[in-house]
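Every chain is named by a letter (A, B, C, D, E and F) in the order it is written, and numbering of its residues begins at 1.
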């Protein structure tokens, strides 16, 4: 079993191939001699963290079951620039047809994992930190399950996967309700579920904890305010920090003693991690074609 | 007719809502009084270029047909930080349930449009430039049609939408073929199609042009080399610059006289453009909830 | 917004109609004069609890948008035998074509709601009860979201909608792990999530509570053993009773002070609730056609 | 070739797994050591009739192709309580992830087969019976093909699979038409098709037979009335009994000489047949986890 | 309700539009001024029979709900060359984008209806004919329901829509079975179903009728042999003629007294019926663009 | 890698099987002894050109993976009447269940290839011809990719696969635009794309060439007019002939020196190519069952 549900990988790859192949397929690869074979290596151009290998493997399988793919690294591994992390071997036309779709998955998901890892490293080295990096529902449409797996590959942990999973009372829900009443309703309608409350002010934090919320999300507070809230909460609830967290500020938030620091940047704004598929030529040298 | 095929928008939104709602739907919005109504405004947090409004509209429609959405800006407009660019009105629970999915489309696609516009602006202000910003097939899996429309919204133009559309002979195709033979085969098998050849050296450029290629892609060349190639080609083929193009370098490439400058950054590495949905409260003031 | 995500209703109805209509459509209704109109009432044959009206409405809409459907009862209402709970009006052929599919949803989902309500009523009248009826993942394949909504209509509450939502450590997970280690790993990998532990013996209950589990599931225990566990837990965790719960025994379990009583019968073994669609004849009398 | 079209099984399983796995997959199984293997047996808790093995096998295959499933019984077999009817072997996490979905198919479809068999047994032991148990279109939405196969596994036979297959003129079609005209139209528009007419009174039966109907459905008649109709029909048409048939009454109906006795209970109201997946522990003893 | 199940039309159109629009949509229509409106008429180039209007209407609706479509003829009507049979009005770009897909449905399905009508006319004018034109399962993949409706529009009738609907014992099924045993098994396993037997020799016809088959298919017999078989069958079974039927020979077969004459030509080999969409110009004259 | 994208074949076959199998599957094949095996050969009834083998293979694989299919001819081969071009071997019931769907693909797509080849042969033997046969977007809905591959198998070449691929300015686009402005806009918005202009008069041809169009489509011109236009164009653009092209006239058009001759007949009006699946009997002789 892969880290992601197999149906998710299969459907995402089928959809991506359909959009890339079009009605006529790869009209350039069709110019090649069908008997020509090739082999190639996946090679990162920079150091980073790998994710998305199941999608890449599935892409080649869906294009041509006679292409073989082998990995020397697994999702979550830190990989070096220039390191061959996997190889493909088979009909050259098939390899070239599948290349871009496979790399689109690999580069985006490794990009998510790599940026997550940078946040995680920053947090882990912060003095007094016990914090984890939490993702959000700010993911790219249709890619949530894959991106959440990439976050895990990067050392992060997953917040809600969907609106079904957890009650998270935000400011916009509180118009008429009030925190105490919202938590009471949540307990009544969804017993056994985690209940979290978004708080912008200290008195909200206190009300949330007193009403029995499992988590409080401190929204857009300064590190000092967060530290004060952590003290006030005193382990009666899990504390999430959210809003305004960057690679520059995350360590300061981590040092406050907060449990979870969430950021949408890792899924919504992660730059692609550049991985190329380098063809082995007859003289067995790598040839770059990122 | 919207800029993107309606079926693409409908299916992408259905998929995104399915992954966000989960088996139980929005268990937090379910706590609200069903009769409570709300209205809210889409408000960018920074200046940028808008894209994805059709997806946002469709998201609210799929969640609840009684929610109305009105836009005061259209895809491609430059929008200012703090400017209300659209409003929604309807049952509050429905608005909150749809909010994140609608914003996920809007923020990603506006991110693509905004970054594209930055490249386009750089190119348009470069002395002697006639260049256009061209996208690539390095798009996020399942989102190509939407991202390509966002590139157009940002002032860019679209390279191939799929492998069916155009012959693009890359270095990896040339193992045994040679440029001249590849172009000959392309003309024979796919008459009436654009044929482009990726070139890394000047002699390849000359061979490509002599063999009748419609476009030459200059791969990873310096601006000086590009300028020399542009001269050599002498309008016999369209010249694309590819590889190593950044916001810092793009103006220098544009000044070479090249026709098209392609970059994967605009689709693959565009940070989300931060747009919030601000609820109007009873006192009619905006309340931020990005 | 309906109680169930609109996409779920739309897709379930489309699938059900496709399987019922077949390649030729309704070859019997095709014998009717196309201009003939009809009207009919939904009439329960017994008292029960209504659920599934959104699916029934959607069925008629997908068959023929000119059919109108009006309900005088809503999901969750107790309905009486013989009471007209809704009406349809439109082309007779369309009404008859849609009838069976609409009723299949309505009868199954109302069956789930009705049986749930019977359990809920039993629990609510038990002396000293504070228990709620909780559903399970033992649902009919492809119908989970609809059945879970029907459980809510019947007064029950929803356990996990999917394996993503909550950690539930069962006996089969514990081979090598041990409860304490399992809870520790769950907290580490899925912070902020509910963690429940299935327990068959009292010492397991104690270990689960001591390790910080949010819920303990008492599996196949007698009411007396449950009562003892409730005391031992002393509100440090939510207590679920599972296994061996029937309409006959549920009140005794409820009187133990347990918080949640789960049963698969309400989704997996609920008999259809018999609702007919009675055509109004020219003499305006109801005509039974269950 | 299985008893059910492979595409039906594949799609039903994919849909069921998607709803059970959710965006994060099985977050509990993720706590296990990935190298841990397991084996388990499918064990019925009561005697009954097996159905749905193809779906169960497909479920494990879709979760993890390295899990092997072997059956010692086939669909349609009577199975005993406590009898191991099949085994699975493979990575423990994969087995536990697939378990519930596989059992949901197996328990529901075996429930259908088991209840069907009870009706069939009652009919076969009735004096003078020549009747068969016929199913109806009252099936659970999306599960028709699977349930109809389960009815066959239980010894029943299948009425219409869809509205395309057969003309069945019900009372509601007869408003203006009259039986004779309805049968005439059916023969004209759908030559070569079976035509059945629902009858509530003896004179309708006579008209249906005289007009050349292939089958008459006797709706909600007493066994005595049915016997009288069977005599009157005198083998000129196939006689179906419908309405008011229960396990208590079915033998009396069978003894009337009717050909087919239809009941919706077997598909619409069949309680789940309880089958557990019992893990083999290191000491090779079965451990119950229904 | 249209003649074809709405879901069939919706899905077929969505699929056809997806394949025609591609990732970038209609890049030519995008050159037009978005505010330009147009109107156009559907005009047959030859006389024929209309079919497929529901698909054409749906195509425009899916491209742009603001386009209006009106028909002055309905499916099944004989239409004249040059006659305006329907009009569209709306944004010009939307009309042109939808045009080809709408016409592809209309021309193919009207082609089926037109060829069917030619067979039907030939049969109806044959002396002594009582025959109807029956279609087959030799349809174009994915278009069966639509083509079967077009056959009805042309005056033909529908044989099996799927393998589920009817037992048809062909020569290849008879290796070991024998006709009598095959019919016996069919009656036992599928009571209430039509049973047809394919026969190539007179003695097979007699065996089929004696064994109680409802229909006999006379395969590849001469008209004289068919006439002889019709006499021998003597109305004890419905007689289908199959194989070797052309527009030239069909009348002779019809005069034999056979009931049904089947031909695959009407679905599998029907030439497109040429219908153009003629734009109204400012001077209100039709302009041909087939 | 097959000639057509694997996902296209897989989905088209799944859809075709779903429509042919229906809810009960093949109720006739179900009468056979499940252990009976069979083998059969694909045998054309006339000479022609083969296409669609990948779909036929996939059909048997989706019905029963234990059926083996072997081909002695490949797509594009000219095949003779009576020649065994492939064989299947496996469970007889599975072979018969898959037979019709497999043949429906094979006969339609070979029909397209065969008719294309007739046009290609006519063109290749025309004196002075340099023309190729070009297909159109007039394809059967849902079958475009497969039909375009069949055209290639028949020696033809592919025009646009979708509206995304190429700019083709038709008369209906020109209302207000004018050719020169249309080509200018096309170059501006879609740089690097092929631009074609439909022309009905010589002055339009000249304007199109002068404005820089890559191709001119001569619509409904006589061969003499085409020859004159070819001279006038003088290789400055590729010349397509369209409209009024038949097997009788195509050679005269080819002799004009035009580059491409397009015809919708090859996709929209190709009669099925008759291929049968002949079962091997125990005496090892072929038995026809087309």
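Just so we're on the same page, a residue touches a chain if its C-beta (ideal position, glycine included) is under 8 Å from a C-beta of that chain, and two chains touch if they have at least 3 such contacts.
Everything quoted here is computed from the prediction, not taken from an experiment.
**Q** Between chain D and chain F, which partner chains are common?
**A** A, B, C, E
**Q** For the chain pairs A-D and C-D, which is connected through the larger number of C-beta pairs in contact?
**A** C-D
**Q** Going by C-alpha centroids, which chain is farthest from chain A? Tell me that one.
**A** E
**Q** Which one, D-E, C-F or D-F, has the same contacts as A-F for more than half of its contact pairs?
**A** Repeat of the A-F interface: D-F.
**Q** Hey, how far is the Cα centre of chain B from the one of chain D, in Å?
**A** For chain B versus chain D, the centre distance works out to 51 Å.
**Q** Between chain E and chain F, what is the separation of their C-alpha centroids in Å?
**A** The separation of the two C-alpha centroids amounts to 21 Å.
**Q** Using mean CA coordinates as chain centres, what's the chain B-chain C distance in Å?
**A** Each chain reduced to its C-alpha mean, chain B and chain C end up 43 Å apart.
**Q** Among the residues of chain D, which ones contact at least 2 other chains?
**A** 19, 21-25, 97, 144-145, 158, 161-162, 164-166, 189-190, 193
**Q** If you connect every pair of chains that touch, what shape comes out? Choose line, ring, star, complete or other.
**A** Topology of the interface graph: complete, with all chain pairs in contact.
**Q** Please give the residue numbers of chain C that touch chain A in the complex, ascending.
**A** 132, 134, 157-159, 161-162, 164-166, 189-194, 196, 214-215, 238, 240, 259-260
**Q** Which residues of chain E touch chain A in their complex?
**A** 19, 22-23
**Q** Quick check on the complex: what are the chain F residues that touch chain E?
**A** Interface residues on chain F, with respect to chain E: 12-13, 15-16, 19-33, 36, 38, 55, 92, 96-97, 99-101, 103-105, 107-108, 111, 137-145, 161-173, 175-177, 182, 185-186, 189-190, 193, 264-265, 268-269, 271-272, 279, 281-282, 287, 289.
**Q** In the complex of these two chains, what residues of chain B are touching chain E?
**A** Listed in rising order, the residues of chain B that touch chain E are 1, 3-8, 144-145, 148, 158, 161-162, 164-165.
**Q** Residues of chain A touching chain F in their complex?
**A** Its residues touching chain F are 14, 17-18, 21-25, 29, 62-64, 91, 93-94, 97.
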